[in-house]
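In the two complexes that follow, subunit A is the common piece, with subunit B as its partner first and subunit C second.
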Partner chain A sequence: MKYSKKDRVTSVLLLLPSFILVLLFVYGFIFFSTYISMTDWRGLIPSYKFVGLNQYSQLFQHPRFKVDLFNTGLFTLIFLAANLFLGLWLAVMLDRKLRGEIFFRNLFLFPMSVSFVATGTIWVWIFNPTSGLNIIFSALGFDTKNWGWITDPRMALYCVCIGAIWQMAGFTMAQYLAGLRGISDDIREAARIDGANEAQIFGHILLPQLWPITVGAVVILGHISLKIFDLVFVMTQGGPARSTDMPGIFMFETTFRNDFFARGAAIGIVMLVMVAILIVPYLIYSRRMD
Partner chain B sequence: MKFKRLSMIILMIAIIIILGCAKPQSTEKSSAPNMPPPPPKEMTIFSWWTAGGEADGLNELINLYHQKYPQVRIVNAAVAGGAGTNAKAVLKTRMLGGDPPGTFQVHGGSELIDTWVKTGYMAPITELFTRLKLDNAFPTGLLEMISYKKQYYAIPSNVHRSNMLWYNKAIFEQLGIEPPITLDELFKVCSKIKNRGIIPLSLASRNKWEVTHLFESLLLAVGGVDFYKSIFKGDIAWTDRNVINTLDTLKRLLYYVNQDHPALTWDQACGLVQQGKAAMNIMGDWAKGYFLANKWVAGKDYSAIPTPGTAGAFIVVTDTFGLPAKAPDKQASLNFLEVVASPEGQIAFNIKKGSIPARLSLPMDAFDEIAKANMIDFGKDSLVGSCAHGSATIEAFVTALNDQLGVFIQDKQVMKTAQALEQAAKDAGLRK
Partner chain C sequence: MTLRVSLYRILLYSLLLIFSIFFLLPIYVMFTTSFKSLAEVGQSSMWALPLKLSFEAYVLAGSRLAHGLMNSLMLTIPATMISSLVGSINGYCLSKWKFKGSNLLFTLVLFGMFIPYQSVLIPLVNFFRQIGFYNSIAGLAAVHIVYGIPITTLIFRNYYATVPDELIEAGRIDGAGLLKTYWYVFLPISLPSFVVVAIWQFTNIWNEFLFAVSLTNAPSTQPVTVALQNLSGSMISQWNTQMAGAVIASMPTLMVYILLGRYFVSGLLAGSVKG
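Our next item is the complex of A and B:
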């Protein structure tokens, strides 16, 4: 397709402001943070003495940061797996053109419109051993004395996971539903005529067709969970005993409470790299698809 | 044609840059030399007192200021959020960005001196102290928390006591027990209460600092005043016998606390005492504000004594107001500090806030029983700064201590924690 010269100039001019702003406020500050993470800036007065990768080597020896990395990994794994499974399952159910489909679709999608802060507040009540689920379970005759939920370091991370999954599963469902609707009925019909049963249709036709959706969902959900801060901060503040601590919370405390800007920047860059490891292959992949 | 396109783009960039850089300076500059400086109009007070008695107290100060200096309009820039976490972040942005408020609330001690004074963001107010003869108005221990290199940097507005044990009188009378004075008595009392199926000591740990708050009381009880001061200066190792004993005491005490403490905040822990589910709680004297708001009467329903083992010592949490070096109108700020320092200001503010005046020998009539007892103690006890509230030591170590104690109350490993604390003290720069 050919564009006229005038169109091209206009489009460049229209893109220019946002190009400059993104260049400055996104890439400029990424560069600045990277630079700060290699200095010894600690305290309110900026110090730009270059110390190489010192902050990083200290960071990776820090007992709290090791726990944080493990927690983020586990959280991301559970969050992704559960969301993909639940989302796909809900989408397949809704795709059967059942009555009230629109109602259910909105019902499952709705939690996404609530902020993590509000969601977190509600889930804290639910998982509080004296005010939440335990009331229901003890009414059902269970002995809930030792069911600590969010106050038990062994369970707290899973409680946070449930809150996060509740929020985002509807979104994954919507993605998959759009994907399923995009698959022509003709293909399914053709498969049926060839004698494929429903399981085979699902496994050999629908799932491969949904692959781009899955990749997209993993990228979007993955970057949310690797950077998670608000939900955890509201629900547990990283406790009990670091069991739900995340790099984001450590970064917040290091930077804004302790004024250790160099280490805070280093944590930020580590988080950026983690997300980049997830997203860059996707960008390459989607470019190849084009 | 290619040139034309390129030049268009360059032109656009140039326009944007010029627009961005241009400042409407010309009018100001031309008129400034001929005109006298405009009279002071606004003075910003920055704090995290947004609600309840604290906000009322601040308004008392603002009213006093208005009566004396009606031409100045006070901007009350309060940022909500418990213990000032959010406010402190906003304050840092303003100070570093060259837009300091007229004056701001800051905890005396390390938070004032290490964060703001040593970095050169504050101006000394020693002249004000000399002019108002304030050197003897505050106790020496408190003056140490606001001075650096023989200069004074802030006026303390109020004092809270951190080392206090609150107890439910009905439970104590019912069980026929006396409030514990020593740590040994504390454990005896705890064991008696636990036998009756009541939680002996309520604890909160949701916001992490509550455990540090309990820890600092125990550290003082075990190690004494000199030890307490030295260890927060970094002169004693965190693997010291006293630290280990303190951790051990805390560990034993954990047997007597409520199990859901990670879900609770400090006021909910006080609530357990008020509801009769727990007998005691160790918290600063702001707990009184919580009880008051819930219609509980001091001396009748509840009472308070210094944390067992700490009688004769007073862990101070003090809010102070200082003069930022780049305050927009220094005189307006100093006038406000004078109001804060005045006996009327101290009394009016502290009655509303529920704390005690930082000034000594003021009339006590308007204060309640607990405040009166604390005012007497404040005049004669040894004063030390609170660690959990930023007065005793640098913030970097407080954060690490909060984190480490959070781990300790779950895994209860004394030696491992002591070593981790020593490591954290080195990492934070507290110890060499």
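Our next item is the complex of A and C:
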């Protein structure tokens, strides 16, 4: 379609403010963060003395940051695996045209409408050794004296994981459910006539068709878990003994509590790189498909 | 055959029931605890229903969160409205009035949706201190509008892409240009998308924490998420007040979800990049 020149100019002009804002607030600030991360700025008064990649080399030798990277990796792995598994399972069950489907769907999804700050408060209660779960297990006759849950460095990360999975499983379910609804019944019927059983239909027909949804969900969930902050901040502040510490928490404390801005910026940029490795190929791929 | 089918159904419903318990458990905890008096938040009756309905926790939490609630309303409502309008215009231009490079532009904007905000936070705080936007509700609203541009643009763009180009063509024959076509043709049919985007933005801005805690430092400007976090931090083991606070802070978004849930789901699905 050919537009008049005037309309083309109008279109550009209307987009310009948004584009300039994104250019400044996203790309400009990322650039500036990168610059700060190469200075020695520590303390309230900005210092822009260039020190190259010093902050990064210090960061990657810092025991706390090593722990953080490990925690993020483990958290992301569990979070992704559990969400995909649970989301797909719930979607497959709800795809069976059962009564009350809308009720269940809404129930599994509503956690997404509540903030991590509010749900974090609840999960702290549940996983607190003197309230919550231990009371139930004691009543059932278990000796819960040593069950520390969120106060136990070996268990705390899993407790945070459960909170995060509870919040996001419905999202994955909704994605898969939409995917399943998009697969026509004819294909399944045809497979059934050819003698395929339900497991074969699922494994050979549905699962491959759902592949793009799985990729999309991995990207969205992955970037959420790599930059997770609120839930951990509310539930554990990274403790006990750094067992739930994440780069997001480290960045926040370094920057706003210790005024070590150069290191804070470096952590922010490392987080950006981790997310970009996940997002950029996906963005390029999905834009190309358009 | 019927027997097998019904057995299968029983299994299915039992499983769904177990999952439902998992999903309802935190909500049960939140509500029951919030209606207990402090005396009743004792060890053994933690999981029990309150013996006597008490509103003392709500009175206390309410007074502590009142400021935050007001701030969140004053932040969220204007930011949601402006952000929806901006998204609509961007989406319209990017789907119906493409120009050379507009697709690349869109991809560049879209990237902003995924960045960890930690990677822009320090320059943002500095910039806001310099222009006097630090510790102000208007400043926080501006942040949410700007970082909301990618997602709102995406949802509207995907929606307008489903509207036939013939409508533009028809408008042109009648002598209508870009703006007139938007105003008379596209805006009136955009209501569903406005609802989706508004719910999405409302929920996200209301629930947001990192910007809120980094860009405000006084009760007079702190949104409710920060106020709730402060409340929980200062009232350790006063579980009833913490839970009442969680109920109060979650009520607006929960109500939106209950009343307009199906639009919430569309927003969720539209949020995936392919659309």
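The criterion applied here is as follows: the second predicted complex is superposed on the first by the 278 of 290 C-alpha atoms of A that agree within 3 Å, B and C clash if a C-alpha of one lies under 4 Å from a C-alpha of the other, contacts with A are read in each partner's own complex, and residues count from 1 in each chain.
In the analysis below, a residue touches a chain if its C-beta (ideal position, glycine included) is under 8 Å from a C-beta of that chain, and two chains touch if they have at least 3 such contacts.
Computed from a prediction, not measured in an experiment: that's the story for all the values here.
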item	value
Broader residue contact with subunit A after superposition on the shared chain, subunit B or subunit C	C
Touched partner set for A:L44, first subunit B, second subunit C, both or neither	first
Touched partner set for A:R257, first subunit B, second subunit C, both or neither	first
Which of subunit B and subunit C A:G239 touches, first, second, both or neither	first
Which superposed partner A:P63 touches (first subunit B, second subunit C, both, neither)	first
Subunit B versus subunit C as contact partner of A:I126, first or second or both or neither	second
First (subunit B), second (subunit C), both or neither touched by A:V12	both
First, second, both or neither for A:L140, with subunit B first and subunit C second	neither
Partner chain(s) touched by A:T151 [first = subunit B, second = subunit C, both, neither]	first
On subunit A, positions contacted by subunit B and by subunit C	8, 12, 124, 130, 256
List of subunit C residues in touch with subunit A within their complex	9, 12-13, 15-16, 19-20, 22-26, 29-30, 33, 43-44, 46-47, 86, 89-90, 93-94, 97-99, 102-103, 105-112, 114-124, 126-127, 143, 146-147, 149-150, 153, 165, 168-169, 177-179, 203, 206-210, 214, 225, 228-229, 232, 237, 239, 242-243, 245-246, 249-250, 253-254, 256-258, 261, 264-265, 268-269, 271-274
Complex contact set, residues of subunit A against subunit B	5, 8-9, 12-13, 16-17, 20, 42-45, 58, 62-64, 124, 127-130, 148, 150-151, 153, 156, 236-243, 253-254, 256-260
Of subunit B, residues touching subunit A in the complex	1, 5, 8-9, 12-13, 16, 85, 88-89, 92, 95-96, 115-116, 119-121, 205-208, 259-263, 395-396, 399, 403, 406-411, 420, 427-429
Contact footprint of subunit C on subunit A as seen in their complex	1, 3-4, 6-8, 10-12, 14-15, 18-19, 21-22, 25-30, 32-33, 36, 46, 90, 93, 96, 98, 104-119, 121-126, 130-132, 135-136, 166, 170-171, 174-175, 178, 212, 216, 219-220, 223, 226-227, 229-230, 233-234, 247-248, 251-252, 255-256, 261, 264-265, 267-269, 271-272, 275, 279-280, 282-284, 286-287, 289-290
